[in-house]
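In structure tokens below, several structures.
The two complexes that follow have chain A in common; it is paired with chain B in the first and with chain C in the second.
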Partner chain A sequence: MWDWNYTWEILPQLLKVVPITIAATLSAFIFACALGAPLAMAKQSKNKWLSLPVSAIADFIRKTPLIIQLFVLVFVLPTSIGLTLSPFVAGMIGLGIHYSTYLSEVYRSGIEAVPKGQWEASTALNFTKTNTWLRIILPQSIPPTIPVMGNYLITMFKETPTLSAITLVELLMTAKTLGSSSFKYVEALTLVGLIFLVLSYPSALLVRALERRMQAREGSAAIK
Partner chain B sequence: MSQNIKNFSAEPIVRYRNVTKVFDQRVVLKRLDLDIMPGEKIALIGPSGSGKTTIARLLMTLEQPTSGTIEVNGELLWHMQHKGKLITANEKHLHRMRSSIGMVFQHFNLFPHMTILRNVMEALVHVRKIPKPQAQQRALELLQQVGLQDHIKKYPAQLSGGQKQRVAIARALVMEPKILLFDEVTSALDPELVGEVLDVIKGIAEKKDTAMLLITHEMDFAREIADRILFTDGGVIVEQGTPEQIFENPQSPRLQAFLTRFLKERQYGLASETAAAGAE
Partner chain C sequence: MDLFSLELLPPLLSGLKVTLLITMYSTLVALALSFVAGFARLSRFRVISGTAAVYVELFRGTSLLVQLFWMYFALPILLDIRIPAMTAAVIAIGLNYGAYGSEVVRSTIAAVPKGQVEASIALNFTPFQRMKNIILPQAWAMMLPSFGNLQIELLKGTSLVYLITLTDLTYQGMMLRTYDISQTTAIFTWILILYYAAATLLTYVIRLAERKAAVGRG
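After this line comes the complex of A and B, so read on.
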């Protein structure tokens, strides 16, 4: 039977860990965004000694489960190089690195969508490589990727329960603790599901609205 | 044709020597020799695939020659001295050399995320490092010259093709190159917009002592503004001379055939235009 009293009792405890879950998501996302950009550039580099190894490593990270990478961060690093990370930092780095490989692909598609003529005009006007990236290429390649980036943010948010495996006290971890002390798992887990839904759904709507606006803008730009 | 003083006894501003370009084992340019004098206006004509664009792109450093050398201002473009040896130029050398060269493209290549004014100012500020107020002043002057002073706050997508190309010309001119390359800059335009762009180029050709290399299919235009016309075919300059020599007295059979074909096409083009007008 569903126990309403119990539900109201544990709700505040679950809500209390919402901020940490969001903080973990956001910091991991920012980390992934920051790492994804140089990753995309390295993968595109003409220098094979840079592009091939970086592509291989990124591929490896993307094709292995996140949880294994988290375990490496938490269990292998302390014994191998004596580096002990807090669950939050390890979670941020692990989730961030994992998703940076996806985001680098998003960047890459954004960069490749910029016509070759933009590079050539930049050369003809004698912009340095740095200025070409900063003033010509990136300002054109980032805006169209924003909706996709938003979707990855939501995906990362939904991935945070994985971080409970490295003892980060987020929603799922809290629900498990509550459930194991009262044996009322249904209420706790249902609430976790609902909280995720309540937070992701509006974000998803926001992303969709953004997407529609981008398309409208592209459409108007295409009209001469 | 044009009134500017040209000292053709001076040193050439550009010198191609024995330049060969190979793409995927295909020889696109064969041992090209070409001198361009300061202020000289050269029209480059020839059939599709004859290597015209490649000649311009090598000079703009968009493409590297397979062999041979190009000098700009008496200095090697694609090579530099390193420990007493001649090696392929690095980005720093190319950057320095490029300051004398400008190019206008067939498809404009304006920066879509910047206003017209910023399109023209951007390189002045960030490449030439001219303070913003002065750069803006210069950009406005140039935009006035091409007749776009009323559109400076618009974005490229809001302009017609002819207007876009005039912005692109202003953007190249504002950098004050010693040699300016035009690669079929009216080919992507609707026929009724070609004239306004050609007029702007004629104006520049008359006023400025910038050397110009114009790749074009507009024969009347070439004839009107060029000091010299080059005819390329199959990766070589088959024939060159003054507009009179080229158009009235073509020597090589290939040029004769090219001009005949061109005249026929134009007649056909006019005929079909009249037909279309009649059908309306």
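After this line comes the complex of A and C, so read on.
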């Protein structure tokens, strides 16, 4: 039932596309992190003409499926504005935009967790707005969000199979091609599942350890 | 582009019906599994909590689409049976979100203040009464917001069943597109609107449940 020879034969072919999968994850994550910051700021803006539409758009992106957003990028953009993206770039942008709405919430929670006195103190000390953000608020708001960001990185990694729908040759696409040519889906698909597990589970454990350490540090800081 | 060409709507709405059906069935499976696995993880017996932990880590550690493909392409070969696409979809989505949901159940039950448990023991409640009347109602109120988020993720996740040949909303859109490619923008605009409407409706229903669970609490 399980063909070991075939397993060893296809394993290298699957491992060969792991770097593409990871590259897609990382570039999309960087994109999402970069886009999430201005998104968080716009959503928090006192200017309602900015905060309301941006919040509405972010909500819309969060509540609609990634796969449709990817289809919009590869099918609608070429016909409407004549922009044709490669599967990798479209995947990076689509995955990045989708998760930037999640990351903007993470940033928001990080910023809101900074005590109000910090803002008041920087005003009292005559810090400029830029300096307040760069030297006071961000250095305090980013570290607590790192475990959450780590979790989203893992989540995005697990979303990359969706990119096969826009013909990016990643793990699942490769497994499906292998499976359909030999009709041995069991080995190929099980290997893909195992590869995902082997990469994501240790990362998840790492994030959990980080989370615990930061909680412990927070606890001891509170005692002081 | 004629955005309001209404002839697009009937096929899309029939797709939406399939999407909502899969959402409903998978939600029921996921909800049941959330409680079974969530309670199992709190069990004193290592075998039970261990098995549940393996299930949760396995389904959270691999991705939903891989699980869908595995259920649809690999499992029938392995067991030498035919599994209808609908069944494969409901099982895969149910198992996947059940794993996430069980973490919600486990953590909220663990978060009910210990004094509540102690008080109900002191008042001579049976373990079953303690769970049903004291712990669960409090945990349930804490579960709902997380369940609400998971519900939206589940709805969005059903869009992947198109890749295992089910005729959901996404599938109908892709079919319409092959008939008339000039309608692409209108088709995807409608699909996005319909998913958003469904998600908003679900959010609203869960808000109502949240309000109901909060009645008489602090």
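As a working rule, the second predicted complex is superposed on the first by the 224 of 224 C-alpha atoms of A that agree within 3 Å, B and C clash if a C-alpha of one lies under 4 Å from a C-alpha of the other, contacts with A are read in each partner's own complex, and residues count from 1 in each chain.
As a working rule, contacts are C-beta pairs under 8 Å (C-beta built on N, C-alpha and C of every residue); 3 or more make two chains touch, one makes a residue touch a chain.
Please read these numbers as outputs of a predicted model, since none were measured by experiment.
Q: Taking the superposition on A as described, I'd like to know which of chain B and chain C A:V89 touches: first, second, both or neither.
A: neither
Q: Residues of chain A touched by chain B versus by chain C: which partner has the larger set?
A: Of the two chains, more chain A residues are contacted by C.
Q: When the two structures are overlaid on chain A, which partner does A:F71 contact: first (chain B), second (chain C), both, or neither?
A: second
Q: After lining up the shared chain so the two structures overlap, which partner does A:L11 touch, if you call chain B first and chain C second: first, second, both or neither?
A: The answer is neither, since A:L11 touches no partner chain.
Q: Tell me the contact category for A:A121 with respect to chain B and chain C: first, second, both or neither.
A: first
Q: Pick one for A:I136: touches chain B only (first), chain C only (second), both, or neither.
A: The answer is first: A:I136 touches chain B but not chain C.
Q: Check whether A:P161 is in contact with chain B, with chain C, with both or with neither, and answer first, second, both or neither.
A: Second partner only.
Q: Which of the residues in chain A come into contact with chain C in the complex?
A: The contact residues of chain A facing chain C are 1, 60, 62-68, 71-72, 75-76, 79-80, 158-162, 164-165, 172, 175-176, 179, 183-186, 189-190, 192-193, 196-197, 200-201, 204.
Q: Sort out for me which residues of chain C touch chain A in the complex.
A: Interface residues on the chain C side: 1, 57-58, 60-67, 69-70, 73-74, 77-78, 152, 156-157, 159-160, 162-163, 170, 173-174, 177, 181-182, 184-185, 188, 191-192, 195-196, 199-200, 203.
Q: If you look only at chain A, which of its residues touch chain B in the complex?
A: 115, 117-118, 120-121, 123-129, 131, 135-136, 139-140, 220-224
Q: In the complex formed with chain A, which residues of chain B make contact?
A: So the residues of chain B touching chain A come out as 60-62, 91, 95, 98-99, 101-103, 105, 107-113, 122-123, 126-127, 155, 157, 159-161, 171-172, 175.
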